[in-house]
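In the two complexes below, chain A is the common chain; its partner is chain B in one and chain C in the other.
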Partner chain A sequence: MADRHQHDHDPAEENALRAEALESLLVEKGLVKPEAIDAIIRRFEEDMGPMNGAKAVARAWIDSAFRARLLADPSSALGELGLPRFSGVPIVIVPDAAGVHNVVVCTLCSCYPSDLLGLPPSWYKSPPYRARMVREPRKVLAEMGLDLEDEVEVRVWDSSAELRYMVLPERPAGTEGSTEEELAALVTRDSMIGVARPRGPHEVRGGG
Partner chain B sequence: MNGIHDMGGMHGFGRVEVEEKEPLFHARWEGRVRAMVLQMLFGGWTNIDAFRHAIERVDPAIYLTVGYYGRWLRALETLLVEACVLSPGELAARVAGRALPTSGTIPSPPHRGGRLDVTRCIDAPAQFRVGQAVRARNLHPAGHTRLPRYTRGKRGVVQHIRSAFVFPDTNAHGLGEKPQYVYSVRFPARELWGEDAEARATVCIDLFEDYLEPI
Partner chain C sequence: MAAEDRRVPVLDSAGPAAPPRKNGELVFEALWQGRLFGLTMALHEAGRFEWEEFRQRLIAEIADWERRQAGRDAGWDYYECWLRAFSSLVAAKGLCPADLIETRVRELAARPPGHDH
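Now for the complex of A and B:
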């Protein structure tokens, strides 16, 4: 084992000190500007997030022609909605159907469709999720609160190259009269990763 | 490399812990590290493959204890020392509040910056077709690869031919882009995990042409 004496104290505190020192060195060397870093962080905080993916899902639920375009050519379909593209990494939309459930993971790092969902939650980046989702998806999904019927096929997508996967979940029952905006409110981040179903209409009206 | 990062299929990590109402960043430094890495990518001080490989080279015990952005931070330090932007020990000295003579003139960025798109157009025909049975090659390169251990030697079926992409195994090491097709290959759970595998489950994974062989 390598000498790790320097890690005996709190890793979070050490990370903070090292990051601050690194930024000060890079600023002095003229390689980064603090205001550019601030601007990038503002974009993470304000412009990126699952509301972008939810817009695409809600439109696909009410417009079958859009849905077909979204599956066939996601980039131009997302462009129709005027959604911002941050990374430009190609997106693939995988649709759930009767008897088919999709779920996304990245076992090698933590690749994630950030253009549509924002930055990934910690559990998505955690060793248990990365290790287990490919080997025992039903068990992991059940632990996370999603029980799949035995006859449903689980399709796990391990995003190992420069393609980013997002799940198009099935439209919840009882939403026939819902507007596009109301539908978008049912589409959660987790339902677009594939570890949950979208909310039902009553879960939102209750103030969720 | 057969590193700690290649986690697919490992046992022993326990349950997936979900944090309710999780903040975007748990501390201010996390966002600043993420943004600094993006700036270094845009500037050509690293590329996405070299950056991922630097994360993989983090000492395995440290990999598991410093957290996601802690790994990014150490990978960034490694790359900046290798690019001669930082001298060895310069960061540690700054953390300790000691002044160290700086490395003087900054060298040129080692990679092409600006354009981060890694899709490429190539003339070569795709070597495999949709529906074809293929085997993931049993490769164990010491350097960077995006061929996970759990797929090696396993048989699957090509579901989609994607576009051509820069090949991470060479691009991470400054050995050229070697662009080639990526295939989405579907493996039945039983092929990957044996007779105790879950029923009616498949894993679909994006594999570069060099990772595959016909059956």
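Now for the complex of A and C:
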């Protein structure tokens, strides 16, 4: 490290150089094509995202038969909605109910239902979230703004390479007259990870 | 093969100045993170390694970082762990030896200022 060039790089710059070096070498060797990398980034940024999970949740809220299928056989139920499945990893949908709150974590790395939620947010990958959500979920949830009554049972689901989890939150009160599309707009990414409730019907319009 | 040719327009949407994404949060905090992510997935999809091989290395790097940082609370960079895991994987697989990577990093660092931004 002592013998550096005229301008030293900070760690972020060092990482950027290293990533660029890897890409250029692997491309030169013909092992990957830059266009394939572009396509993958686009897929993760545009095709995969919480709007997919939200679609499934909203349908489950209005259609109890679909809800039953979604819980029993998630992959085929998601297929009914035409939602893209990019990974072959099985998913389990864990439904909230009166007195039961579910939350998802990956204690070892960052396994996450990307098909349905996109890429995980940075806090999901952070050491404190991964370590503490298992140990003291109630406290972590409160810190994230979700206070649960003492009698509510908190179930923490630890994702793995073999199995991913998504939370099916409870339908917010006051949404009896809402359309499926309006309902989907209430379903946030965080509510499907289990660290927040869906928005209320009055929090959508004009909200930011 | 000039570096700037590979900075394709779509990536502007992942830069620090980009608007929030559909979920209200940027997917990648820096350009290189997105490139690295895409590179890893592309190499995997090209059949060059099993995902689990990478995942185990990532888990080990994260655990290693946490050991080194025990008690401290600064400098967490998930994609730095990813980068270490990926570098060691491609070296172990014989896809890209470590010394070649080091040489290329030095070459890139020696470019005139401003070139890599």
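Quick notes on this one:
Here, the second predicted complex is superposed on the first by the 195 of 208 C-alpha atoms of A that agree within 3 Å, B and C clash if a C-alpha of one lies under 4 Å from a C-alpha of the other, contacts with A are read in each partner's own complex, and residues count from 1 in each chain.
Definition applied: a contact is a pair of C-beta atoms (placed from the backbone, for glycine too) under 8 Å apart; a residue touches a chain by one contact, two chains touch by 3 or more.
Note that the structure is predicted; figures quoted are calculated from it, not measured.
Applying the stated clash criterion after superposition on chain A shows that chain B and chain C collide. Contacts of A:108 after superposition: both chain B and chain C are touched.
By the touch criterion defined above, A:61 reaches neither chain B nor chain C. Once the two complexes are overlaid on the shared chain, A:51 sits against chain C while remaining clear of chain B.
In the superposed model, A:189 lies in contact with chain C only, and not with chain B.
Looking at the superposition, the partner that touches the larger set of chain A residues, chain B or chain C, turns out to be B. In the superposed model, A:125 makes contact with both chain B and chain C. Once the two complexes are laid over each other on the shared chain, residue contacts for A:157 go to chain B alone; chain C is not touched. When both complexes are overlaid on chain A, the residue A:41 reaches chain B and chain C alike.
With both structures placed on the common chain, the touch criterion links A:15 to chain B and to chain C. When both complexes are aligned on chain A by C-alpha atoms, chain A residues 7, 11-12, 14-26, 28-29, 31-32, 36-37, 40-41, 44-45, 108-110, 118-119, 121-122, 125-127, 161 touch chain B in the first and chain C in the second. Residue ranges on chain A touching chain C, taken from their complex, read 5, 7, 9, 11-12, 14-26, 28-29, 31-34, 36-38, 40-42, 44-45, 49-51, 108-110, 117-119, 121-122, 125-127, 161, 188-189.
Partner chain A is touched in their complex by these residues of chain B: 5-11, 13-19, 22, 24, 26-36, 38-40, 43, 45, 48, 52, 55, 59, 61-62, 64-70, 73, 76-77, 80, 85-86, 90-91, 94-95, 102, 106, 116-119, 146-148, 150, 162-163, 165-166, 168, 182, 184, 186, 192-193, 197-208.
Residues of chain A touching chain B in their complex: 1-2, 4, 7, 11-12, 14-26, 28-32, 36-37, 40-41, 44-45, 87-88, 90, 107-110, 118-119, 121-123, 125-132, 134-140, 143-144, 150-163. If you check the complex, the residues on chain C that touch chain A are 1, 3, 6, 8, 10-11, 13-14, 21-25, 27-39, 41-43, 45-46, 48, 51-52, 55, 58-59, 62-63, 65-66, 69, 75-80, 83, 86-87, 90, 95-96, 100-101, 104-110, 113, 116.
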